[in-house]
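For reference, chains read A, B, C and D in written order, and residue numbers begin at 1 within each chain.
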Amino acid sequence: MNKILEVTDLSVEFKKDKKPFFAVKNVSFSVEEGETIGLAGESGCGKSTLSRAILGIQKKGVTGKINHFSKRPMMVFQDPEGSLNPAKTIGFILEEPLKIKGGMTKEQRKAKVLEMLKLVDLSEDLLDRLPSTLSGGQCQRVCIAAALMQEPKLLIADEPVSALDVTVQSQILKLFEKIKKELKLSVIFISHDLRVIYSLCDRVMIMKDGEIVEQGDKETLYFHPQHEYTKQLMEAAKTKYVKKD
Amino acid sequence: MSMLKVEDLCIKVHDRKTTDTLVQDVDFEMNKGDIMGIVGESGSGKTMTALAIAGLLSRHDMEKSGHIIFEGINLLDIKRNVLRKIQGNEISMVFQEPLNSLNPLKKVGWQVEESLRIHTSMDKNEMRDRAIEALRDVELQNPEAVYESYPHELSGGMRQRAMIAAAMIIQPKLLICDEPTTALDVTIQAQIVELLKRINRERQTAILFISHDLSLVNTLCERVIVMQHGLVKESGLCDDIFNNPQDEYTKKLIAAIPKSPFGI
Amino acid sequence: MKYVIKKLLTTLITLFAVSALVFFSFSVIPGNPAVSRLGTEATPEKIEKLTHEMGLDRPLPERYGEWVLNILHGDFGKSYSYNQKVTSLLSEKIGTTLILSVIAIILTVAVAFPLGIYTARKSDSKLDVVLTSLNQLIMAIPSFFSGILITLLFGFVFKLFTPGAYVSYKVNFLRCVGYLFFPALAIALPKISMVVKLLKDTALKEANKDYVVTAYSRGNATRAVFYKHVLKNAMIPVITFLGMTFADIIAGSIIVEQVFSVPGLGRILLTSISGRDYPMVQAIILLLSVFVVISNLAVDFMYRAFDKRIRV
Amino acid sequence: MTGNNKVKLIIGLVLTGIVFLMLLFGIFYTPYDPMAMDASVSKSISLKHIMGCDQFGRDVFSRVLVGVKETMIVAGAVVLIGVFFGTVVGTLTGYFGGWIDEILMRLNDAVLAFPSVLLALLVIGLYGGGRNTLILALGIAFIPSFARIIRSEVLKIKNLDYIQSVRLFGAGHLRIIVVHILPNLKTVMLSSILIGFNNAVLAEAGMSYLGMGVAPPNPSLGRMLSEAQAYIFTNPMTAVFPGITIVIMILGFSLLSAATEKG
């Protein structure tokens, strides 16, 4: 298998009240082609900062090595409405990545947009509409389609289903399954919900206070956690979801 | 006679031209020490139902019909000053966002005591003692310090514990919790769930638990009501509904729960 | 305590910056002030002599340093047109403008707060519609026009005061205040409307927040919810606004003094501008800025006392 | 849009409509020469002189029309300067941040803490009165408030996820600013332009009342007020009409801006 991303000793340092503070500390991991890797942790653990550093959105205070073996990784964000320009139509939003990339005629772009709409199960009627007229689930599908427009090999999804209703959430998870298979996409899937990660990912990393405390194969990690914090998380999930008599 | 009996509850909002039905024909009963869940997605009317029972829907453009009979009194019929004697005294409520639900300019202790100040004639020291006791009871470390702090100085979990302390300080008969764990981290969520279970067990406080999370309701509650678009789709014992759902929507909700090693 | 020291320090720096701005902006005016002062009588010798007398031949930073030092000793230099010490020309006028501003501020606060609270409490009554519309109208009347209308109404129709017959506070303090009440009213009117509107708007916004629902859920009466919970939170933006308003009131006195023929700083500023009397203009603008900066500082402290969340 | 806002919008449109009508007349046609004096004419209101005449026998209505034109020219130019430089400064500082932002914003705060009347008087004190100085003075005084509004909006938008994703697509700064940020400033710009007009009219009238505006004998609303003040007890209408005109202008713009704010 080919590596698509390799991160070595990545740290991100912030200054908080003049005290240095590591949002991400000595993180190392790699992502293989076609692999889905889950990143779990509680709020403020550094999940989002890590993904922003990998994508190069966060540049300040970043040390360590990030090796991309593919062009332009993309990102899907948590709040579907906030990820779409409210002043532009869906058609414009979907065409924009192609325009920026360049090298395509208007017709080619149009065809590509339609193809992508089909992939994410959206109707063509949406092209002339503004994001505010779409439901949360539809918005998230548009975001996914836009992110896939430049044919990335790696997609980072930051809590992409957390803001959605339960039934919509399961549809979007199914869409992730589908694109992952059809496009041989590598996905880093960030979530606080251990159930969602289990259902979608091959490998899992657990993050706490900027560090990855444990990573490994999903079955091992869920059933034989080694680190104290992982055990605590699994225990909490059981308290929440497993009925005791 | 049951403690709480909701009959044919309907809530409509009148706009200039249109009328929106938010809740339609909701019926259920609760007894002392019951713990019941209402499950639904956004727009299902679950929060509206909870607010109606807590007497917090006072908007003029809202039409409420049916009966909410609490201890023999129809809460929809009585005057506000009679209702006020029940609010915070016999029925208390905990909300989703602990930070927004706390007044940012008042000390936590002042807010925890508020029900005592309104419903009893205790003096300052008595109230303070009771408040600190209540804060200790929700497993807050160093309750004296929490008493003196402002909401922004506490973590999310601590704030929600303080909210529960404030709701429980006067020992209400019914505690309504509207998505009390949704805004919190997983480990904290588990602790809050345990805390609510303990309160229910030790004090026999009835709990009405509103959530979008079917499996969470299953672990906490005995009975559940499934709502969609203002209508009750199915209700009954959690075990029955999980093992043998009748309604299409309930089936869909159960199917939407991600497969995981944590049961359904 | 740290906060107070920090605030005082930044205020000092601001004052310093303002003084530099005022001083240096007057030194970039093209032309030699000595020449313009002499006018037609200018001869090269006279110009040179005057230039030297006025210190214009010395380097700028040195002159600035001297200017600041003199001001700290209470010496603003000599007026060009009156040939007198600026300080003695201004001393009485400072008092007049301060009294006018203080009356206007007191009027604004004393009327706006009760009225604002009242409209916020009764925000869906018929009276509210009337008050809100009236408010909107008053906000649109500039102080110099309302000043003329007040002169017409209270001076001419009701004869409550004699327009133009200002009495110095040194002669009779009460009569002075009695006269200044009317210009102060002209300044305060639009400010009152703005504060009332802001207080009502923020109170309504606060009333929709979650903690208000919590307060109701504990059995609070509507009145208690408003006074114990909503009001204090609604006051925070109002206090910030008051900071700007106080500055505006001080600046607004310049115009209104003109309407009511009050011999304050504003009046003499205008004559000094037309007479190109730079030491006077410098001094007055600096003084007015000091008032503004100090009133801002006062509001900052008020804000801090109100909202315990603000640290540093 | 709520019913309350609709009422504001309608009244605001009617009032600004009146103002623009007066502006058009002020430019193209006045019933009398606004500068022509006629001592013989009666000063009171009549069919010939619907707002009466002033102490020199000049037709007040004609003078008000030209005064509206004068005020609108100054206000328009001031708002233009304020919006243009405010948008440039606000967008650049908000988007790029860093030390440029620090310096410009400190400067901005300093100017903002200064009441605009005082600032305008300072500039006029330096360079003398007249229309151009007035425009310059008020324009400079108006830049900071626009810059502040635009900056805070740009700061908000810049951190939204859709800007991040466009950045990931490889879009350059110029494209992000022009295509993705500026169109989303429309609402905020509209309401701040309207409030800017409101403030500029107020400031222009105030300055010309103090005699710092356009040079006499050209009519301006503010100066008409101050000239009429001496005759206030004998001929009050000469002051009332220009005053009411100013109120109509300010009220119209402020109602429109209130109606366009936030939906």
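In this section, contacts are C-beta pairs under 8 Å (C-beta built on N, C-alpha and C of every residue); 3 or more make two chains touch, one makes a residue touch a chain.
Source: prediction; values computed, not measured.
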Suppose you hop from chain B to any chain it touches, then on again the same way; how many hops at least until you reach chain D? 2
I'd like to verify one number: the distance from the centre of chain C to the centre of chain D, where each centre is the average of its C-alpha atoms, in whole angstrom. 22
Compute the distance, rounded to whole Å, between the mean C-alpha positions of chain A and chain C. 54
Separation of chain A from chain D, taking each centre as the mean of its C-alpha atoms, in whole Å: 48
Chain A to chain B: how many Å between their CA centres? 33
Residues of chain C that touch two or more other chains sit at none
Multi-chain contacts only, two chains or more: what residues does chain B have there? none
Going by the touch rule set out above, what shape does the chain contact graph take here: line, ring, star, complete or other? ring
What chain-chain pairs meet the touch criterion? A-B, A-D, B-C, C-D
Taking the touch rule as given, give the residues of chain C at its contact with chain D in the complex, in rising order. 14, 17-18, 21-22, 25-26, 28-29, 136-137, 139-142, 144-145, 148-149, 151-152, 156, 247-248, 250-252, 254-255, 258-259, 269-270, 272-274, 278, 281, 285, 288-289, 292-293, 296
Touching chain D in the complex, chain A uses residues 55, 57, 72-75, 77-79, 82-88, 93, 96-97, 100-101, 143, 146-147, 149-150
Sort out for me which residues of chain C touch chain B in the complex. 209-211, 213-221, 224, 229, 232-233, 307-309
Show which residues of chain A lie in contact with chain B when the two form their complex. 42-43, 165-170, 173, 192-196, 198-200, 222-223, 232-233, 235-244
Listed in rising order, the residues of chain B that touch chain A in the complex are 41-42, 185-187, 189-191, 193-194, 212-216, 218-219, 238, 252-253, 255-264
